[in-house]
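Below are two complexes that have chain A in common, paired first with chain B and then with chain C.
Moving on to the complex of A and B:
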């Protein structure tokens, strides 16, 4: 028996097996049962994927369709600029934040050991044969992994596994920079784009005849841009580490701001080619910046004026009413959006603009954000010069990405505001916020989507018209905002009363108390819930298919299976669904792993 | 010159009257110890002094400012009055250093470097300068309470209120907190301390008060209070506690 066997007592690995897999007879049964289930379903999946009936070329051939739908070919450089912006920023932040962390050689071998062991296990367990149903209904057994191929992969991976197993205990002092190791992995992946070949379809120059050699490198048409971007990322990585070594502190603030603005910038200026007329710039944008710049200056200037103290509440209410009025008036959209920013300034300035230095800094921030906001809104609200057959330049993954990022971006501040409003002591604000939350949450998301597609135009003042995507974005923001608000409210309630008292006792005003003491703790407490809801909204973005938008799922389930030209993929549903589940899984998995690390880093204070 | 003056302060929680008319004065530099059975209103009373609780009748004047509903007055008084709580109430998401410098930077609008210098000074004064970069959750109860004292002192208050500062501590940690408070009293700080530590009252206090059922039943010098109590209630209290 395992319990008494010498190996399972003395050997550390044997002991692990005994303690974790066979600690009692019932756990031994569970181990066998689970092991059987895992192997059985694994063989089923591999058999399904490698079945010669499958036409995986329908996925690989349509990769561009999946990513950007019918984005015009002549503007492809804009797509690469969008991806490039994110990657370069990524390289910069890896260089800036991670340059201190190191990993030992043993640690690297430990990882390689795990990887090669998993590969060896997977290939050893893979089935040899699979059943193929013939046209006449008979079943034919087809060999999918020949024994010699299996041996060709299994042999080297077993050798490597053994080698790494002994190498991982290596005691070499030298440490490697984690960021550089990770970038090397990225480099290997980019290099593999050149030599790993997959089945696909290539057409000759006339675009009609299929060229017979179906095996091409994974990124047969895109490896040049990927390589350029990788090199750019490396360069930015070294710039980032250089800035870190020079101890340039301002970067620690600029990089998060860059990450915040990057998707907005891509959305409004790069991915679409906005049609901006100088006329509107002079008649709307510049006057808006001037007017709001002056109003902002006055607010900052007089925010700590003693003689105005008694009028503060009426002034605030006046601005609130004014902003509602501006929202209902048929003025340019930039005015309305800036009005919201102005309300924020009104709330913030009494807390910050109390010294001359504070006023000066706040005014600079105000002017810069006016320019950034105007720039982004002008880009977003202008028509695009790109012509696409579907009418929308966003489609496929770019649409999914847009909905997920902007759903989160807009709903988070909205949710925070609603949550604070619902817990406010002012009855009017509390009732309005509670009303919004309850109404939005009590109606299903699909209903809201229909509302966005057909009814929202009826409710908006005449003359105001938004693109369907913008309408969907607005409603998504409210929908997930309402859920965020309830999560955040839960977080707020978990903060003990003593924290409020302590903040009061050191003389903080309500604004400082909320944003320096209460909200940081409340958010920390609900990070797992928030991550869950971001993942949910990423997946829920597929629902926009029902109101006529082409998201990645709709392309996979209805566009590709209907293709007949130039290659017929009619009825190829299963391949698309397998690919899409894998695709969504990769994104949500990476996201939840990152958030776990983030949680760990923030959780330090809780111990 | 009295720095705190209360006249006939009354306070109700619903139907329950917690304070039934407290009139007293505290002069600058004085150390006042308030003791009494639980539920006698002593904590409620000192929490009224910086408006964590609102009194309904009577008047409270702190440093020449009367406590009314005016938010400006309340904030002004709160930045002059430091408070230390029974359950520490440190901010768990900030390091010890950030806990102490938060108010000076945001409320007093001091520069970060100046506040951090001052914070290190205070941490040395309460004897834990090496803990500056740790989070409150990594410290013992006694250390946390000393950080709380340093946090209150960082605002350079004129008055310090202590609401049962040692009640939540293990016996061996009580001494380190009391030592820090003793040092503070010797430096001339005006202090009101609600406590059951009679040793501290005997040694440090200038005056001792006994609260019972929302009323102040005895007020005396520590020597008289412990050796020669006038009130029957005081005798009973002392016989139970000593």
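Moving on to the complex of A and C:
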């Protein structure tokens, strides 16, 4: 009947239905079966969510706990500064890397049509009743969506669907930049904070619950910071666009470096006191920058000096011995750290500082890294000033982010080093790297977590003990580093031998060959795998609940279901699980969609 | 700048990160190297200026984490009371939320000064693990809960659960107690073990098991929350296990142990005299010499010998309240009442008793 019906042959929609859903009798069966399953589960989920037994205020009331655990209120500005830094950088990047892709008004209406049609369909399919289990074990049927409410939502959404259906065919030539359209969507979300009301609970000054619960705008305390940050993001978007139009090349380097340094700044802002003791700055930091700046300048200046050629080996060995001596001497730590950096410069400079331009650039890099190093060491060595009632600063979603970002961030260079080491021709390095990779990868993550929490203290000298979160971070870096190493090795092996030979043929040294020819191509080939592993580490971070850290999952499953005061949320764990699964889904979904676009831009899979 | 320059900057920065982390570790190490092994915890805590108290952080009404991250509850109030006695300021507490697996390790390692985490006093924990237990603050006991519609009533016994399925949380003594108890009376039960008590409750509500068992306090709380006073019954009348809950500290440190013990006793003595945080200022210490000694109204010698301020216990009562206040504030809202139970005053037939202050 479908095969011969005129509608299913001539109408484009009808033909789509015939070709995709009912092309044969078996596919028609599959369509019905799958459709039944989807609708059945959807009705079940809606019935569960709208069940009068559920108490969703347990989620909304505890939102701050979910996000930052017990981060002190008076220090909240640090959290906002961190979020703001990321957003401003994001705005700048969107503006600067704007691909100029456009979407027509019809295209926008096409999207809106799809969305409103889906909403109308979901409303129409939603169940009217659901089962509530009574205390005595009997089951009562309760109406959750009365007919009039359904009509009230269904009517407007159907009207909108029809309107968008006709609007999308209008031929209007005006085109909109996709980046701007997406920013507008973000703006709409922020604006919704002002008027969308989500039920939560409010208490009066004596801690008594105000009855009846007023419908408060969700996150009534956060919409002002969000608005400010959004405006800032818009400003930076336009600055980025301006810089792109002016064709300022330096930004193409500064933005990635900014993204690279951003987590470090955020870490020091959230965790440390931003206190600078001028005494140490003048007595240790500035002299060290000056002294090492001059030494670095001399190294760069004379690195290709022919008359020094004979003395190069003695000079290198001399610096090595000197740095070992400095490391053992009781000097300020910053000298020790900079000494290591200097050794690296000594190794790198003959390869880069071959021309006048190269020397100039290397010197800039050297001075910048001296400043960065000094800043980091000062930041990391100051005590945290924050005192929280639970004794732990990190918890909830901020801990999840910390583990996911730091896991990726620290494990990437580690994985790269391990992968290069594993493919090295030097047996010692190869065996050590292979050993690390194989040992780390062959033991489950949970076991390593227990190792970090319980056994690591046994291996460390007595009296030495450091924060559990730092232990877990180091371990996470190693664990994902080992996996990254294997992915990167796969990428390295996909590079044809001709690339190595070509690099050799034009006279590149090993350093240049690896970092200018091989690694960029290898990384490009494995981006989808890396994204997958980042998503995995984001989800895996909830495992740290096992060793007693308050991650978002532990807050949802143990902490909130135990609250009896001021509002009793005892036993409300199902709501938390539903919320958490939705929450994780949103983040991983957005992330994977963005990475797909990124892959497309790089042209992966097209050659 | 060329690509080379960027690559080298990245590498230099990575090393910088490594160095920065190392520095942070070094700092902590130096801080921890100060050895306190031969010092009493009391001196250490007084020197530090705040007390580190190990709690659960997710035990309803005992130590729960509020929406703003603050910790409240019966156990938490005793942490505050210790701080009030030591520093005259109850807020000088740093809480550490511990799982049941890590609580004793944490205490032994010195991460916390005192563990007040609804911990049952048992022989092995007292003797083998290097802990000492303070006075019991709450007498709990394992009970069972079933539906009235299944023929269960508050006068049921273990023999009545023959053939029924029982839900409990795994890995604790509750599982062992119910198996042993059912075996003694010859009842065959199907044991369904889940990880958390809240999951056991979910299964019970969904009808996947007929009986749920854990400590009586939790059962009463859940029955009150689910508004099932007439539908669910808790039995047997006398619990199938004894669960005395109280503070725990490291053994061989009686100076510190005395402080904890007498903070608890002070709240109980104040309750015996009916002294609350509201009327503690108007107590006639001449007519009641025991309270005079306890609150340091006279010379306060007893407290000074302990290494405390003479007003230490006055501060406890003034800032936190007596035993009854702590109990009512935290446990009444979840349906746990003192009257007629083991946690009533000894003069009313309960077990809450303190040695005299003199």
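In this text, the second predicted complex is superposed on the first by the 509 of 607 C-alpha atoms of A that agree within 3 Å, B and C clash if a C-alpha of one lies under 4 Å from a C-alpha of the other, contacts with A are read in each partner's own complex, and residues count from 1 in each chain.
One rule holds for everything that comes next: a contact is a pair of C-beta atoms (placed from the backbone, for glycine too) under 8 Å apart; a residue touches a chain by one contact, two chains touch by 3 or more.
Since the structure is predicted, the reported quantities are computational estimates derived from the model, not experimental observations.
Once the two complexes are laid over each other on the shared chain, residue contacts for A:568 go to chain C alone; chain B is not touched. When the two complexes are overlaid on their common chain A, residue A:501 makes contact with chain B while staying clear of chain C.
Looking at the shared chain after the overlay, A:316 reaches neither chain B nor chain C. After overlaying the two complexes on the shared chain, residue contacts for A:104 are found with neither chain B nor chain C. Once the two complexes are overlaid on the shared chain, A:178 sits clear of chain B and of chain C alike.
By the touch criterion defined above, A:65 lies against chain C but remains apart from chain B after alignment on the C-alpha atoms of chain A.
By the touch criterion defined above, A:521 reaches chain B but does not reach chain C. The partner of chain A that touches more of its residues, comparing chain B with chain C, is C.
Once chain A of one complex is fitted onto chain A of the other, the partner contacts of A:509 are limited to chain B, with no touch recorded for chain C. Shared contact residues on chain A (touching chain B in one structure, chain C in the other): 351, 358, 512, 516.
Contacts from chain B toward chain A in the complex involve residues 50-52, 72, 75, 78-79, 81-83, 85, 87, 89-95, 102-103, 106-107, 109, 135-138, 151-152, 155. If you check the complex, the residues on chain A that touch chain C are 61-62, 64-65, 69-71, 73, 133-138, 250, 253, 256-257, 260-261, 264, 333, 337, 340-341, 344-345, 348, 351-352, 357-358, 361-362, 364-366, 368-369, 372-373, 376-377, 379-381, 383, 387-392, 410, 413, 453-454, 457, 463-467, 470, 474, 512, 515-516, 547-548, 550, 555, 557-559, 561-566, 568, 570-571, 573-574. Within the complex formed with chain B, the residues of chain A that make contact are 309, 351, 354-355, 358, 496, 498-499, 501-502, 504-509, 512, 516-517, 520-521, 524, 604-607.
Contacts from chain C toward chain A in the complex involve residues 1-17, 19-29, 32-33, 35, 52, 57-61, 64-72, 94-99, 102, 105, 109, 147-150, 196, 198-199, 201-202, 205-207, 221-222, 225-228, 231-232, 330, 333-334.
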